[in-house]
Amino acid sequence: MSKTARAAVLVQYESPLQVQDFPVPSDVGPGEALARVEMAGICGTDIHLWLGQLPVPLPVILGHESVGILEAVGAGLERDWRGQPLAVGDRVTWASSIVCGECFYCRIKRQPTRCLQRKAYGISYSSSVAPHLRGGYAEKILLRAGSSIFRLPEHVRTESVVGAGCALTTAIHGVERCPILWGDSVVVQGTGPVGLAALAVARQAGAGRVIAIGGPAHRLKLATEFGADVVIDINETKDPGARREIVLQETGGYGADVVIECVGYPEAVNEGIELPRDGGKFLVLGQYANAGNISFNPHTITRKQLEVRGSWGFEPRHVDAALRMLESGRWGELFASEVTHRYKLDEANEAIQAVKNWQTGKAVITP
Amino acid sequence: MSKTARAAVLVQYESPLQVQDFPVPSDVGPGEALARVEMAGICGTDIHLWLGQLPVPLPVILGHESVGILEAVGAGLERDWRGQPLAVGDRVTWASSIVCGECFYCRIKRQPTRCLQRKAYGISYSSSVAPHLRGGYAEKILLRAGSSIFRLPEHVRTESVVGAGCALTTAIHGVERCPILWGDSVVVQGTGPVGLAALAVARQAGAGRVIAIGGPAHRLKLATEFGADVVIDINETKDPGARREIVLQETGGYGADVVIECVGYPEAVNEGIELPRDGGKFLVLGQYANAGNISFNPHTITRKQLEVRGSWGFEPRHVDAALRMLESGRWGELFASEVTHRYKLDEANEAIQAVKNWQTGKAVITP
Amino acid sequence: MSKTARAAVLVQYESPLQVQDFPVPSDVGPGEALARVEMAGICGTDIHLWLGQLPVPLPVILGHESVGILEAVGAGLERDWRGQPLAVGDRVTWASSIVCGECFYCRIKRQPTRCLQRKAYGISYSSSVAPHLRGGYAEKILLRAGSSIFRLPEHVRTESVVGAGCALTTAIHGVERCPILWGDSVVVQGTGPVGLAALAVARQAGAGRVIAIGGPAHRLKLATEFGADVVIDINETKDPGARREIVLQETGGYGADVVIECVGYPEAVNEGIELPRDGGKFLVLGQYANAGNISFNPHTITRKQLEVRGSWGFEPRHVDAALRMLESGRWGELFASEVTHRYKLDEANEAIQAVKNWQTGKAVITP
Amino acid sequence: MSKTARAAVLVQYESPLQVQDFPVPSDVGPGEALARVEMAGICGTDIHLWLGQLPVPLPVILGHESVGILEAVGAGLERDWRGQPLAVGDRVTWASSIVCGECFYCRIKRQPTRCLQRKAYGISYSSSVAPHLRGGYAEKILLRAGSSIFRLPEHVRTESVVGAGCALTTAIHGVERCPILWGDSVVVQGTGPVGLAALAVARQAGAGRVIAIGGPAHRLKLATEFGADVVIDINETKDPGARREIVLQETGGYGADVVIECVGYPEAVNEGIELPRDGGKFLVLGQYANAGNISFNPHTITRKQLEVRGSWGFEPRHVDAALRMLESGRWGELFASEVTHRYKLDEANEAIQAVKNWQTGKAVITP
């Protein structure tokens, strides 16, 4: 093994990522694992991070959606999260976060995604602090003891896993918190990775009529492939009121049973909250970053007798569920088809810009 | 029986109610009932109606929280909603609304409070249309066939029923939609009738620590009697941030398991949504009238992984549950103690003004 | 219209049905409807009735799964249950039961299938009492005011509706009470009409691996077509312990998330309760008739930490949901394919015997 | 500290416990804790163990409900389960079980009480294997790293904690799995420790009418103190049918919303399943040991449309909830009042016999 590994580092918000060399530990500690990164996804959250919209301890090696090959496995790390044997050479992915398992949220309230000590690869670790290699935009990553590692079945492609990324696990968690009953009509706002993943989960959950609102055209084509019965192009139907009319027409005049916001712009919440039927559900899944305030009428919540739910991140068991989805051929291929652009580490900054400018499907780094 | 009955009518928004005479039907139709009104509560909603904040078919005889004595009972009306025999002379109350039982919301989605044909006594009927007498601020009221009538047990005082009013049934429905688990810490925003009722329901539901935010002092005293462990006086602690600090201190630093908004001012939603712990629940119960927009950050819903729920009105079975609560001595007396001001029909306008100006506990009309 | 209608009557348990003539009312009352029966299904319950295993007021015209053509529509009956206009000549089906809407179970506990006054066509009405025609094995049926009538869309075949019969609505209600989460592994015990319907609903609900236990071979072939991933032939694998081994193998060694008993023999409950994983669910759907006791160990419920649920009959909204399923091509054809034997009214007794002797798929009467 | 500790050991089923000496470790390992046992409860399960009705690795030091004083605290064990600082001299209790946190039930299905590796103090550890001291009937106990230790607040009496024992945590877990809604009528079968604890939890959860079935008289007196509105003495009303009549009378003729079986005899399940109203719930909490089969009619589950639930043991968070209950004066005193008999280690066998022969309230050992 080489003694150093290269990584693309966010040194300063809104400035080009810098490729730097970091020492690779010659030995891994108990429970740790060293992986050679095979592919790392560029998530919309990475753009938020680059823009400085979420506080992180700069400098940070970005990348929280990755697949790698195990190069070293620490003492005691004999099995993956599912109990499968783990060995050097295995192709694996891992949950981006580690939680403490001991705090109020982990223990008593069973909301581990809100763990007070939660730390995520590619987000929460400063690359200036040893052991440095804690992000996916890198040749190597050192996984902490206690990481939730999943050995990938041979027939699950790396592109499927990174193409699904944290969008799929996020959607799975979201729908767990805001259940779709079979036969429910569903609106998905947004046709980015999270929106497509939400479509997939809605279909899996037996949704009846599924309506996607988004764009541009190539995204809507994907939305149809992912199972949308109706797509509404926001570039064609620019008025939210007109879009609502279409939703009402497609849902017998009442609105959908479940609406899933996967947009990220705060104003989408104002559009979305008018789309469920009375007594319906509205899952606010896309407001991961604090993108500011909207002028909002809370009377709507009371009058429409809504259930509005939020969902933050995901747990390792949602990675398990996602992988089970990807193991069934159709979803694996569909999510792999999201990967449209590949970049080398040196091109990480280009990759960021391309995603930021909506020029890609899913962009990935293959270090 | 006299041939006419007097009633206080809202003829024009923000204008004094007018006392008018209406013909009393000499005979009642099948399933109908004629009652002599013994007491009618003045609800906060009546103030919203008087101000023109909810659309109603003027002129309207106000009054949707009433107790009366049956003077005539139509053919086929032999039993009350609970199956108890009904007869002339019985003291009764009734659910304010009638739903169609046939629409999308009644039949398929089981959200009858959102029935497309729902009509409420004291709100939805024009007094200029026969049979006129469809509100509680009147000597007589004619109940439609299909009304949900409840014969009152002798030991349940009229003051208890009207003192609890639609606040209690609304709170019962709200907590049904947003369940309090035993041991949960609960914050109730608002110490008006709905807030006090929410306190009562929280206590019944086995809440752990219960914190009330409201005022003025006499209301906070009631809040304590209704079971609040901690009261926060908004006139003393004027800064919502400071109030939040108290809530955090009282809940181990995390926020409450359940927060119930019973205020009505839209801005209370911004204060309230910061009071649950992460993964907690927020019931928006007080935004019955459309009182305008707030500057709102939807990121909070995602980040705190909240469940936000709305609840509209109530169903007859919630009246049944409310009466069962009132039958147990403590609650009956407590709700009766809310009744502080009594007015004759001629004084209905005074009554409205007194409530509007926060000068009363519960004000009632005894025609 | 002819003045009389013929019907097949259960006059005495375990004796041949008798075809009798009944007067057809020349006029229908308000809300009533007269239908010419096009097709009536023979349900397993009819066999239980014939055997005298459920108490009914003999003589009874059997038949509670029917499609007919409206011949007369009473005053005020202008729309079907879904609000669609109704007229003479419309092809319709109807919920077999009418509930009172007023009792403890209808009103307070919202368990209308346990209504204290519930009456079902083809089961609860004596044919010796006017208006006689209250069952589906007849040329005509007179539907009471308050019946839940559904106009059939043109593209939904009569065979689909009768082929699905009350099995599908029963399965939909059952799964509502015992929800399948998407991805859940499911075992369906029994491959008769209820078992096949449960398979269909499990698939709609997004079940992961679905295992059917039943027979004979032609039923298992249907089970595969209905979506079973694995079928276990009880004639091949005769030992329940061996069948359990297969279920464990197919579910990672733990048992299924949800097990649905659709057999009817009491002993199936002993087999089924061992098939869920710990903390799993067991829906006892098939024990509609009282078929006697089993030797049962209740320790299993505690030790395996189970959720065991029962479900009785269905509500009109489940007919609505069933019809929506049948409107999607695949299910419509599949359920229609269950209809293998057609009988005339005169052959009703033959039909009963054929079903009793397991010689048919779904047998129907076309009067 | 002395070099050895005495403990009462179950060497052979149905034979007198033997008091033996075991070496006390001079040093405790990382995360471990050594406690001097102050009081250990004798649980009904201990009787089952003594009788050989649950498989355990003899010889075993019994005792899984204990309070002790910390005598040594291993490296890294700085805080209790709730995050409170831990130190030598603290009075503590601990959850009896440790789970792996990694298996199918811990990770994916979140049913940790069914953990495949679960081990309980006083039950699952052979005293012939070092470090021997793994049960509460002993002068000392050595707690494994990963034990869920709770420092007791000063005002919570040791008698309250041991008096409540695992009965209270079991009842809390059970009611979590089978929720009581406020206002629900509840029947508790059994007035032993689990039954009394279920009464307490039902009261906390806001139950309406609560009916206890049990005996003998001193237990029924306790049941009344714990909040039963009605007690049915099985020694007076010996016929289960007559007891059912009383339950029906007390619940409006329909049966209870929730029935909690806390008896242990299998036949109680046959009595209990007839006590809920249709659509009601039945929690089978008492069948912890395999006490054999009953003749059971599964038709009841379908016809009554029941929810039957099992619950096994408890999790550490239920200990937390139990301690919060005990911190409120009334419950602390009530549970302490269950402790009627105290025995020294040498008298452990007498204690077992006294409990086995129903001669005690709660019996405890104070080594």
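Note that the chains are named A, B, C and D in the order they appear, and that numbering of residues resets to 1 at the start of each chain.
Note that a contact is a pair of C-beta atoms (placed from the backbone, for glycine too) under 8 Å apart; a residue touches a chain by one contact, two chains touch by 3 or more.
Only a predicted model underlies this, so the values are computations on that prediction, with no experimental measurement involved.
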Chain labels contacting chain A and also chain C: B, D
Recurring contact interface, reference A-B, options A-C, C-D or B-C [over half identical by residue number]: C-D
Centre distance in Å when chain B and chain D are each reduced to the mean of their C-alpha atoms: 43
Where chain B touches two or more other chains at once, by residue number: 104
Interfacial residue positions of chain A with respect to chain D in the complex: 81, 83, 101-104, 107-108, 110, 316-317, 320
Parts of chain C lying in touch with chain A, wherever the complex brings them together: 175, 179-183, 201, 204-206, 208, 321, 324-325
Parts of chain C lying in touch with chain D, wherever the complex brings them together: 104-105, 109, 111, 113-114, 177, 252, 254, 266, 269, 277-279, 284-312
